[in-house]
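We just call them A, B, C and D in the order they show up, numbering each chain from 1.
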Amino acid sequence: MVESKHPWKAWIYLAPAIVLLLIFTVWPIINTVRMAFLEGYSSMSAVGGMQYNFGFGNFKQVLQYKDFLSCLTNTMLLCVLTVPISTILALLIAVCLNAIRPLQRLLQTIFFLPYVTNSIAIGMVFAAMFNMVGSAFGSENEIVITAGIINNVIEFFGGTAVNWINAGSTYWANITVMVVYIVWNALPFKILILLGGLQSINKQYYDAAKVDGTSRRRVFTKITVPLLSPMLAYVVITGFIGGFKEYSSIVGIFGDDMGPTGDPRRLNTMVGFIYDALANKQGRASAAALILFGIIFVVTMINLYVSKKKTHY
Amino acid sequence: MKKILLATLLLLALCFNCVSMVACNNSNVAPEFEMPEVGYDGSEVTINFYHTMGANLREVLDAYIVEFNKLYPNIHINHQQVGSYDDVRDQIKTEITVGNQPHIAYCYPDHVALYNLAKAVVSLDDLIASDLEVTRADGTTETMGLTDEQIADFIQGYYNEGKQFGDGKMYTMPLSKSTEVLYYNKTFFEANNLTPPTTWDEMEALCEKIRQIDPTCIPLGYDSEANWFITMCEQYGSPYTSATGEHFLFDNDTNRNFVARFREWHQKNYVTTKELSGGYTSDLFKAQDGTRSYMSIGSSAGATHQRPDKVNDAYPFEVGITTIPQVDPANPKVISQGPSLCIFKKANQQEVIASWLFVKFLTTSVEFQAEFSMVSGYVPVIKSVGQNEVYKNEFLDKANGGDFIAALSAKVCLEQEAAYYTSPAFNGSSTARDQVGLLMQKCLSADANGDVAAMIKKAFEDAVAECKYQAD
Amino acid sequence: MKVVLQNLTKVFPGRNKKVNEEVVAVNDFTFTIPDGKLIGLLGPSGCGKSTTLYMISGLQKPTSGKIFFGDDDVTELSAESRGVGLVFQNYALYPHMTVRQNILFPLQNLRGKDKLNKNEMLERAQKAAALVQIDNLMDRKPSELSGGQQQRVAIARALVKMPSVLLLDEPLSNLDARLRLQTREEIRRIQKETGITTIFVTHDQEEAMSISDMIVVMKLGLVQQIGRPQDVYDDPVNLFVAKFLGTPPINVFDGRVENGRLYIGEDEVMKVKGVEDQPVTVGIRPEGFTPDSKGRLVCGLNGVEIMGRDVSVVSTHPASLNPVIRSIINADNKIDTSAETVKYSLKPHKVFLFNKETETRIYFEVK
Amino acid sequence: MSESTMKVMQEKDLRKVTSSQKAVKIAVQFMLYAFLILMAIIIIFPFYWMLISSVKSLSEYRLSVPTLFPREILFSNYVEAFNQANLGRLFLNTLYVGLVSTLLSLVITVLSAFAFARLEFKGKNTLFALLLATMMIPGELFTITNYATVNAFGWMDSFTVLIVPFLVSVFYIYLLRQNFMQIPNELYLAAKVDGTSDLKYLWKVMIPLALPTLISITILKMMGAWNSYVWPRLVANKEEYRLITNGLRNAFTESTGDVNIPVQMAAVAIVSLPLFLVFIFLRKYIMKGVSRSGIKG
């Protein structure tokens, strides 16, 4: 690093970024904290001249709300299910990709495709695939008309069709669909990172292992995974952070109702909760956002602690 | 990474400190409207008007803006289709927080309740009562307010909707209205010697009969679960909501009972709804084969959607329209819906007055009301439209269950003018509406695990709790 | 175990797919490595020495030719079945494992009846570590070790499974000069103690010469010469080998033979019997010069560098193909550093003649 | 020492060993490909489904057993989708917003990243950590306040409001700084010795060396403009400023009755196509950009 003769010069370089960040990032954060502690704050009534007490009222209301717990459990459940599944799957795919020559680039491209899509748009495609009854009653002589392709496949293999996302579907069926979609969505990034990690592992480790007659499984568990552990930790941590912000994928499948017909908000998440409150109860939304931030913070800390213990070198 | 986390904490702590410094309130509230002594002074103003009109309705509006400008050339109307009703509400909501709201907007009562949290809507009472004379560009004059004849010309149910806000003040003017009507397959009814039901008891019997005739059918489709619930409350005279005091009163035995009854209907495949069938029930009503229905309760403004597509240049069946079933046919209740207009407070009182003049023009002009009704399928809000020659001759008199189905629907609506009710509007009234709609969906379709009463009880309690949380 | 390479050839397909140019990395290499010897594969980069090593290890398959371990043909056998120990240039120590875990790793791979119990493994690991004198570092991670220590760990890891052949790829290139000297003695010692046939690859001729029982000099895939280090040094078969071996490098001159006399430039330097008249390239080892006032080779004197026991004389000659001539002479020979020229007589067995075109050696009789 | 190995070798028939090794290798390769191709089909299937649905007639789409190959290919869905949403205008708007915001964003990002990577000033590390910390806060929260801010600036319904608030991305600064840091400091020192100005050095040395990252940022930023939805809907609802995603969404919410899914799928396909094309041609840079962020994390 060079000791500059003009320390102010750095600030000139930084000025545009800092000014914009102050206005569009820092101020909103400050404002959020402010709103969170003004009890019952809403921007409409604030315009109307309402005065607010300073306190924890918003937090109390959020925590006592009957659906808060379900939002939290939904969020956690999706995190706990999708992060390991997508990580393991991505690891397998990355390792396999790394082990082949022909078609490698083609397959790599395909696996990255979901990354360049709009999650709401493709969510609509998934919803259509998992549909039980069509969007309307069609021309056949029964009520259940358009079964989605997934149920067709299940029936083809002799199973019975499952009501995945329509009215009367079970919670676990909904969760299954969400897990499939979220994992599908999360794979590209993870595969990319892990494949990059794999390719940066010195080939000599594998040569050395080969000379020593190491079995494939041992190579995988004793060499590949430990050497990949920083990248694994990275995808797990970002996976958790992203998982706690899960929202648009659920909108993609279930629409703004965040649940099947007849039971809206069943799959609501923390961010969904914030968005709901954001419309009219900005104080509550801010409080919920701070709670979410706190949770992410704690989970990330735990993750970091664990990964420090588990990642090698 | 650890450093980042620490920095984040620091950042938050910093924010917390800042909070006390920026506790000031950015009050963008516009001043209360006060009628200037001169009334409208002819000054040049531009009025922004948010609505949801499609292209065909915008054409009508544009034509009448030209007419209006013949009278008031200095009032420029700048209108904009913002999207759906909810989009209008959301847009204005955010704009109010920065004092940037339009002058006039399409509104539903609950929107106004929301805007009024910010005290943003002009109370119209002073304007309506004003007897100031306004001179128009063509030399004629008009009274600023509404004359007694003008007030009397409004269909009362529609007019009174503007006063549903619990403080006795008038905040909205009805623009065009609709209600729910019962569409039935007249051809089928005549062939099987059936008559349209007037009560819910008759409806139940009728459904049973129709199911015997066509075992794969679902005789009745009811589009809006929420309307169904609220209308039943009105018809039974049981509490739904109140604009003052304890807002959410709908958890009571009467209401649980009718919900339980309709659940049975649903189980017996007598009835379905928009959400439960996955689409507007008109789809079933229009269907020519497969699962179909023979009755559909939907918006009177959607009559053309209830008409089946032509086959070989002829409608496969004729549609009949009648009042929806009642609890007590002697004291009928049908919902009043459709957009009203509200005016927002502005610093420049001339803008408010100009807005009012335009609102008044749209709501009291027979020609506009007639043409708007014919194009939109909505019902005019003033009775004298019925006497308008074009409207009468070219529209109402031609009413039938085929090409002129919209007229038929309008006719039925105009005939039941005394039956319109509106529900109280307050901050949270839309939540109540959403919640009872969901409650209907849930109670009709959910797996009760053997204890229907308990399931329904829980659904009601949840709905009330949700309403209270949202209103809190 | 002896290792036999029979017509070993390795051809790599060209990088450029359109132009079908192949790269012959190793060309028809035949050689028998006697049991228990330390062999150095020597050559400039790209000469195919590493490829040869990898073929012996089984990591690369020869295009043609055969490899025998003892009497067994292992050509088609994959690396893990050959029982070789391989030490990589960068050691390839697993960074997430301790020294002990690294050394244990090959033992834990053993299956079937070769499988060892835990105590046996630990014992063998300890023994291997002791052999390379790192038994006090067993719980460290590779990142906590110096380069030399890492090198030893890598050797221990290769030795612990008692390989039939030990292969070392540029074992000293990542070490600093002092460690290099020390480690190469160490390698020699370990090899002698274990008696394992050891093949190592290096581009550093000094390294190869100092510890190998035999060296193989390679160039562009072709073996140039095989032999004991001193023999190869004293008797190079061609100009390349002569140039490649020795520090300071051999001095090369344009010369010609006329009537059994060797001329460098215009200087007639010595008699060469049995060589036809022809232009030649003359190579003279630095130690082949003797300052001699009657010497025939007259060089311009540039300077004298004192190296302790010896001095290095830097001089020039118009026929020299190198910018300067370096000669090493015993410090007893006094050089007049102020003189403009220095005259040398030559030691005939340090003078090599090469064909100008083919660069192969032209032998002459020394009287 | 070599005794044990010798024994093993003698016991096994070498030929058997080699042939079984080959068989295992082939089997493993086969399994790898089978797994990868299966996964690839799962990954790609929704796109295929979207494409075939977009060319089906409504009645074919609603068949109880869906057809995997459309019986007849209806491009009219695309025409309908295109017309319903006035796509030409939307494309141009989006392109404009995307290009301008990318350009400005690059300038700001390069300058900041340079300051963080090469210049020395008090509080640098604290500032950088603070910037990174802002990345952890759910961005949804910024909307309310930012709305008030841009309104106070009088930016409503303009391209400015679509461009300026998101010009700075801490993530991009971070990405580029990491890249700059990898460029040996000696180059900078050499330039200083030669009397090259910072800006010239930045332009002549740093930017060419960091070009792949800059291209990645460009693409990510363009993709952002292409996919943005919530903010534009809020602040620029006038048709002349409307962006592609909003335009499409609006086009399909206005219609009453149930949505014509094939037309909707056609619209989704139209919106997705440019991204796919960009991706296929600039795959390397996108992947590099995304993965670089990860590897240095």
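Keep this in mind: a residue touches a chain if its C-beta (ideal position, glycine included) is under 8 Å from a C-beta of that chain, and two chains touch if they have at least 3 such contacts.
Being a predicted model, the structure only gives us computed values, none of them experimental.
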{"item": "Those chains which touch subunit D and also touch subunit C", "value": "A"}
{"item": "B-D against A-B, pair bridged by the larger set of C-beta contacts", "value": "A-B"}
{"item": "Relative to subunit B, chain with the most remote C-alpha centre", "value": "C"}
{"item": "Distance from the mean Cα position of subunit C to that of subunit B, given in whole angstrom", "value": "94"}
{"item": "Approximate Å spacing (C-alpha centroids) for the pair subunit B, subunit D", "value": "43"}
{"item": "CA centroid of subunit A to CA centroid of subunit B, Å", "value": "38"}
{"item": "For subunit A paired with subunit C, centre-to-centre distance based on mean C-alpha positions, whole Å", "value": "57"}
{"item": "Where subunit B touches two or more other chains, by residue", "value": "5, 8, 11, 26, 97, 278-279, 283"}
{"item": "Residue list for subunit A, restricted to those that touch at least two other chains", "value": "29, 31-32, 43, 134-136, 138-140, 145, 293, 297, 300"}
{"item": "Residue list for subunit C, restricted to those that touch at least two other chains", "value": "78, 81"}
{"item": "Residue ranges of subunit D touching subunit B (in the complex, touch as defined)", "value": "125-126, 129-130, 132-134, 136-137, 144, 147-148, 151-152, 156, 234, 237-238, 250, 253-254, 256-258"}
{"item": "Touch list for subunit A against partner subunit B, complex", "value": "29-34, 37, 40, 42-51, 54, 61, 65-67, 133-143, 145, 166-168, 261-264, 279-281, 293, 297, 300-301, 304"}
{"item": "Of all residues in subunit B, those that touch subunit A in their complex", "value": "1-2, 5, 8-9, 11-12, 15-16, 18-19, 22-23, 25-29, 90, 93, 96-97, 99, 114-120, 216, 275-279, 283-284, 287, 289-292, 438, 441-442, 444-447, 462, 465-466, 469-470, 472"}
{"item": "Residues on subunit A engaged by subunit D in the complex (per definition of touch)", "value": "1-4, 7, 9-11, 13-14, 16-17, 20-21, 23-29, 31-32, 43, 89, 92-93, 96-97, 99-100, 103, 107-118, 120-122, 124-126, 128-129, 134-136, 138-140, 144-149, 152, 184, 187, 189, 192-193, 195-197, 200, 216, 231, 234-235, 238, 241, 245, 271, 274-275, 278, 282, 285-286, 289, 292-293, 296-297, 300"}
{"item": "Partner subunit C, residues of subunit A touching it in the complex", "value": "202, 204-205, 207-215, 218, 222-223, 226-227, 229, 312-313"}
